[in-house]
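I have placed the structure first, in the form of structure tokens, so that the comments after it can refer back to it.
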Amino acid sequence: MEEPWSPGLWERPGRFMAAEAGYPEALWVLAGAPLELTVSYRAGTRWGPARIREASYALETYSPHLDRDLEELAIHDAGDIALPLGNLGQSLARIEAALRRPYAGGKRVLLLGGEHLVTLAAVNAALDRYPDLVVVQLDAHTDLRDRYLDEPYSHATVMRRVLDLVGPGRLWQLGPRSGLREEFQLAREQGRFYHDVEEGADALAGQLAGPLRGVPLYLTVDIDVLDPSVAPGTGTPEPGGPDFATLLRALYRLARAGARLVGADIVETAPPLDPSGRTEIVAAKIAREILLAFTGEVAQ
Amino acid sequence: MEEPWSPGLWERPGRFMAAEAGYPEALWVLAGAPLELTVSYRAGTRWGPARIREASYALETYSPHLDRDLEELAIHDAGDIALPLGNLGQSLARIEAALRRPYAGGKRVLLLGGEHLVTLAAVNAALDRYPDLVVVQLDAHTDLRDRYLDEPYSHATVMRRVLDLVGPGRLWQLGPRSGLREEFQLAREQGRFYHDVEEGADALAGQLAGPLRGVPLYLTVDIDVLDPSVAPGTGTPEPGGPDFATLLRALYRLARAGARLVGADIVETAPPLDPSGRTEIVAAKIAREILLAFTGEVAQ
Amino acid sequence: MEEPWSPGLWERPGRFMAAEAGYPEALWVLAGAPLELTVSYRAGTRWGPARIREASYALETYSPHLDRDLEELAIHDAGDIALPLGNLGQSLARIEAALRRPYAGGKRVLLLGGEHLVTLAAVNAALDRYPDLVVVQLDAHTDLRDRYLDEPYSHATVMRRVLDLVGPGRLWQLGPRSGLREEFQLAREQGRFYHDVEEGADALAGQLAGPLRGVPLYLTVDIDVLDPSVAPGTGTPEPGGPDFATLLRALYRLARAGARLVGADIVETAPPLDPSGRTEIVAAKIAREILLAFTGEVAQ
Amino acid sequence: MEEPWSPGLWERPGRFMAAEAGYPEALWVLAGAPLELTVSYRAGTRWGPARIREASYALETYSPHLDRDLEELAIHDAGDIALPLGNLGQSLARIEAALRRPYAGGKRVLLLGGEHLVTLAAVNAALDRYPDLVVVQLDAHTDLRDRYLDEPYSHATVMRRVLDLVGPGRLWQLGPRSGLREEFQLAREQGRFYHDVEEGADALAGQLAGPLRGVPLYLTVDIDVLDPSVAPGTGTPEPGGPDFATLLRALYRLARAGARLVGADIVETAPPLDPSGRTEIVAAKIAREILLAFTGEVAQ
Amino acid sequence: MEEPWSPGLWERPGRFMAAEAGYPEALWVLAGAPLELTVSYRAGTRWGPARIREASYALETYSPHLDRDLEELAIHDAGDIALPLGNLGQSLARIEAALRRPYAGGKRVLLLGGEHLVTLAAVNAALDRYPDLVVVQLDAHTDLRDRYLDEPYSHATVMRRVLDLVGPGRLWQLGPRSGLREEFQLAREQGRFYHDVEEGADALAGQLAGPLRGVPLYLTVDIDVLDPSVAPGTGTPEPGGPDFATLLRALYRLARAGARLVGADIVETAPPLDPSGRTEIVAAKIAREILLAFTGEVAQ
Amino acid sequence: MEEPWSPGLWERPGRFMAAEAGYPEALWVLAGAPLELTVSYRAGTRWGPARIREASYALETYSPHLDRDLEELAIHDAGDIALPLGNLGQSLARIEAALRRPYAGGKRVLLLGGEHLVTLAAVNAALDRYPDLVVVQLDAHTDLRDRYLDEPYSHATVMRRVLDLVGPGRLWQLGPRSGLREEFQLAREQGRFYHDVEEGADALAGQLAGPLRGVPLYLTVDIDVLDPSVAPGTGTPEPGGPDFATLLRALYRLARAGARLVGADIVETAPPLDPSGRTEIVAAKIAREILLAFTGEVAQ
């Protein structure tokens, strides 16, 4: 009905590159969750989903590293989840509700944030289908506080809440270089904690060949895991992180180890904080490589 | 096919606010033409259509001045016209081809630029249907050069080419405050030239009640007609223009005089040149007021 | 204890200019409330209080218009109210609690936002002491929705909640030029609505000489009442507002009419959205003029 | 020697538009003085001369208001005066020395700042040739402090120093809206002070037809005399000034009254503070209009 | 004629640092080509030449790595090539015409872009004199498409056109990490392709000691070959590239191998896209190191 | 007196994180010196102290690398040293006078610049107490010119003046990659010069275990020692420096070697030049690590 009248001449913006599949036939569902309610320093993540989609057109659909092309995948871009203003509980409930159906249908979901709290809702949705889910966190911060400024739900407590959900030993943390002393202690005791992302990816890859073989994985990439020189457009940049190539190597390591990725997110991209516009391109390229690297056989 | 699975939870960005109608039932067709090839000073108009659509959501669909609401109109947002890179002739041909059909179908078109040259293609498309078209130009510049740096087609010559098309006396110029001595001479001789936009609107309104009653009008708004304090995001800001309220008064004046607007454009909005982001909001509000003010009976 | 060791050589930043009084002797208490939870378009108001204080040093303490000097007033800068992240109800409760004491002590309060919802908490605090409070709103938006995206508390509903508190006829709205049709109807029916700020100030001044003589006034200035050319650093700039001199004339008009101002706020200043940095200077100058213009005899 | 080998193909940037005359035949000498040493709030004026020259190419050489063209004038762009770093006295001495010769040769000088202190050096140079010089200051600030932070030479004291030089009654101040109470008192007593620039221009024009007929005038335009919405790129923007058209009307008023302008400057343009880039265009257009409006018969 | 009157006091901006030689005696000719017509994503390269020249003054003329100084070289800065607006064919023709003479005169040319298409014109000019030219491309993109959006000439096809000119095996590509699958296939088959710039430089250096000894080299540096953290100011930044030191090492490797560089360009620097201003400094430093490293004996 | 009335609810900004100690009990005194008078290229260091303090709240007080927490240290934030405008000699005298007392009292001082010249005053103050002071400079530039544009005191000569004070062999220079040939010769002859910061730190650490055991050290960190990708917000960014982790490793190396740090500064941070805001976070993190790493036993 709404099709333009002379198709060859028209472009319709708004989708991630090559995400042209309809929902029914899609293997991957891409969605945005522009949540931004618990920011402590600088804002802008609400613009993440829209700008990452737009930035994807600065890239090619083909990855020379992987020799694969997004055009060979069935990806559905579902748009953004509509969120009520200023209501955190309701927002998380809507995200969870929205994502429950694709997970139930065996589809994989790539969620674009928005602040890190969206991961809590996404993991909740995935757990329904995959009760033995293991979560891999790439992040500059531990995010393991129990409370932050008295609040149990915030970008600084999100992984503690995730840890509550999945249970000890099922959260792998790669990259944290900032947090309270207590958080690092907890990380070392209960999580699987690696300051160095490549070392952590190696360790996890080893397990994927052993005790964790076939386990469903959820990957959450906080863009601030990268050094701020690589991804300055984020709320709380933490100097001293890995460069882009190092991050990709860690992801490739997991993919080559046969990781069964069932869901993922890329969060904390705050485009207005990076006038050079490269952070959203970085996020879009990570999205492309995740989509391409982890698409293999997902046994049910 | 591509409908999201739980409609109430999802938003799909990319359209101008309230432009939800399908093409067949639309009264107005809104389209983008991100052309940017003959820029002489600073670039950015290629981002005009996308950012104006996005900025429209900072506004309401209701105009208290006019006591009308966009939601009461059938508007179709057709997306952007696909343009080849670096090929000016081909680009203009595509724009003209794309717009010919809605004009033929009796629809009105609001085109979002892009640089001012898109007006030439749009007027060409409209002339097919409305051979007696009168063009109203709101602009800081005369744009009446015959050649600019030896080239016949550029943002500085566009209205000369339009004048060639519609013929002497059928181009009304409101607002120009910059140009060559020769351009001002030509403007005074052949066009209908008014430095003051309100004075010009009054004069034209007078004619619309007389000799020009019922004549089809095409309105081209170069955003730089406004003072740069109001619309800094444009390639060649020219200090000394009217403020926003003055511009709207001029438009309302024409509408109240019963102008029969069949097409319009808003051009030269260059969002990257205005980090405050207000220029695209200004453009979106002008678009809203044009859509609302000039929607009356368009007799064929 | 914390005094620097050689006082003449040191500067200690962080306060509004000339706000050097201690709390006990202060006539005015200045406070910040960097709330930002219900933003719908663009963020940045959390930086309002800090940047307005900093910007005040670009101004003089003396107003040639009023021939008065801030150094002649006892002003206490109390700092910012600590707000929990992502918890709207708790945030409003804290602001109200924090402001209740100075109002109880007969002091006047100038609050720097943050988003417009802080006004609801501030009015609540003031009502305790002044049950017959009349609220004057300078704003581009009506802010009279009953719900916004299903939520009763947001920047788009704040004045409806204030109207609920003070009752019909006790809310004067000067300047609104954007809203829903229903909001404008409500504004005209129950509030005191004037699109033109000077006309509204005249009308109110007339009442202050009559039925409203001596009534305690609360003034809320949403910085977006100004045209975006004057104050671009705000979340939802609405083209078509008054310039700076016009706004000041309206304020002077009220002051000359003997308005008994007991509290005020300046909200929605979003410094990161205005790289030229002038919006925070505009806000600081409005703060200075309010402090100077309305300091006369406040009968209890 | 350094001429490019195929002139028609090459452009050599770096000069103000149409300032192509050699020094000997020049009527006007244009020069830059990128001084920036006594900044109290925000920096950037050192980039003024370079960016104003560059911005001039966004304008035409023809002024429709005056119906004159820069190409009809002999203007020499001498480049910038080389200034030592961090040495204020030496810097002022160099500016004065550099400008003494063109004044001695009967040429007129248009100086592009740089901070306002450059006016002191320029007036000193002009006084040698024109001992009866009258200075006209367009400025948001009085700049009449005797000392600022203990220093006698700064942007806040510059016009006091100029007043010391030219003597009481020979300094006309148009536009000031910020200063100490003492400065405004001095302004009213010794200077010729007008808050409103048009009113001041009228008063001066009246004198030019009478007691001041034929007196040599020096005009200093502090760009911050304009409202910050018009010229945000300046160190201490002061809300509440005139718009661009008003400033031009004041200048035209003086020109029509037969003002014998022998020198002028445009100062305090700080391009990095205005990412929209319009402040330097505003400065360039003021420069153009000064050059065109005041070029008549300069009797010696 | 145009010399300033007191030379010691004046600076004349507009040239690259130390490029003070006249054309006849120059060994190197430096020129700008601010072409920008086939941009697909973000614009700004037209400001490349002017800003790179300006940024050069943030650097020293001396390179401690090479222990050489630009002041010891005869460099002529010819300014920018004048380009017609919106006419790609004519623009390329002018660049080629402009550069033909210095190449014919045995001078070396360093061209500052502008978009990458300028390389095509420059190589054409060089081929006249050096029919056995070998081209070395440092780039994030293969640029080997045959058509891009139907056009044969664009920034995405430029090296395919160059390959057409110089023939198989005479194009060395160092650094590409983005392109179509077909482009990488072609790169591997016909070009000399190395993803790793140092590895590629080693391989080429090996040939320069053998089969390619004495062959004339043309070097094109697309600034986006660097990681976007190093050079964010470019149209299509591609995450994952080498850092600055790595790029220099590759250049030094070629220089030490006795490369006979006859021409070079640095393209795609888009200063407006990098508000930190470091990209143009990076480009200026690469220019300095190229000028210094490759100036040895150029046998004819 | 000035305490807010309900302490739990209020925050008072303006100090470096955790710098809550009073002067008497403080081990470290933190002070700002926003000097900016001899800038040659781009300005902004005057905003260094204020923005670094503010940025510190984006970090944690705990360092996982060192397993120490600022909250365990007694740090007094003394505010900024008041500086006269445009008077270099007086400014340096005030900084020296201000810092003399804490040094005399055996406290350690961390100074936040401002431009690099503040180091000269700080070293002068420290030398009074520690005549055998050794200075360690981390910097991209040699800063060893004897004169710069004829001036003996500037950011380009500062370390030459420091060398004059401490004498040959007592200045260690780590990182310089830009300067005149003469400066590098002097650096190699009289200073202790290492292009590679880690290599330099190793060499110095070796001496600290031997001939320099127990010697009082002063550390000056010019933020431009880092690669501009890491710290773009600085006046003269010099491509090709170390990344953040490398810099920290060098500092840790000195700390582990038992360096007796008595004073330090972090200079040339120019926040307005980095819209991403990460440079001030980098500076704040370096400050944190210096405070934590070098706090051990300082024998008198």
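The letters A, B, C, D, E and F name the chains in turn, as written, and every chain counts its residues from 1.
One rule holds in what follows: a contact is a pair of C-beta atoms (placed from the backbone, for glycine too) under 8 Å apart; a residue touches a chain by one contact, two chains touch by 3 or more.
The chain list, named the UniProt way, goes like this: A, B, C, D, E, F = Agmatinase.
It should be emphasised that the depicted structure is a prediction, and the values quoted were computed from it without experimental measurement.
**Q** Counting one step for each move to a touching chain, how far apart are chain A (Agmatinase) and chain D (Agmatinase)?
**A** Counted as steps through touching chains, the separation is 2.
**Q** Through how few touching steps can chain D (Agmatinase) be joined to chain F (Agmatinase)?
**A** So the least number of steps between the two chains is 1.
**Q** Give a one-word verdict, same or different, on whether chain B (Agmatinase) and chain E (Agmatinase) use largely identical residue numbers at their interface, taking over half shared as same.
**A** Both copies, chain B (Agmatinase) as well as chain E (Agmatinase), present the same residues to each other, with over half of the numbers appearing on both sides.
**Q** Among the chains, which is located farthest from chain A (Agmatinase) on the basis of C-alpha centroids?
**A** D
**Q** If you average the CA atoms of chain C (Agmatinase) and of chain F (Agmatinase), how many Å lie between those two points?
**A** Centre-to-centre distance between chain C (Agmatinase) and chain F (Agmatinase): 41 Å.
**Q** How many angstrom lie between the CA centroids of chain C (Agmatinase) and chain E (Agmatinase), rounded to a whole number?
**A** Distance between chain centres: 56 Å.
**Q** In chain B (Agmatinase), which residues are in touch with two or more of the other chains?
**A** Where chain B (Agmatinase) meets two or more other chains at a single residue, that happens at 42, 82, 227, 229, 275-276.
**Q** Every touching chain pair, please?
**A** Every pair of chains in contact is listed here: A-B, A-C, A-E, A-F, B-C, B-D, B-E, C-D, C-F, D-E, D-F, E-F.
**Q** Provide the residue numbers of chain A (Agmatinase) that touch chain E (Agmatinase) in the complex, in ascending order.
**A** Touch residues, chain A (Agmatinase) against chain E (Agmatinase): 57-60, 62, 64-65, 67, 69, 227, 229-230, 243-245, 248, 275-278, 281-282, 285.
**Q** Under the definition above, what is the set of chain D (Agmatinase) residues touching chain C (Agmatinase) in their complex?
**A** 41-42, 176-181, 184, 195, 227-229, 232-233, 236-240, 273-276
**Q** What part of chain E (Agmatinase) is in contact with chain B (Agmatinase) in the complex they form?
**A** That would be residues 36-40, 42-44, 46, 82, 84-88, 90, 148-151, 153-154, 272 of chain E (Agmatinase).
**Q** Which of the residues in chain A (Agmatinase) come into contact with chain B (Agmatinase) in the complex?
**A** For chain A (Agmatinase) paired with chain B (Agmatinase), touching residues are 1-6, 8-14, 22-24, 50, 54, 76, 78-82, 94, 97-98, 101-102, 275.
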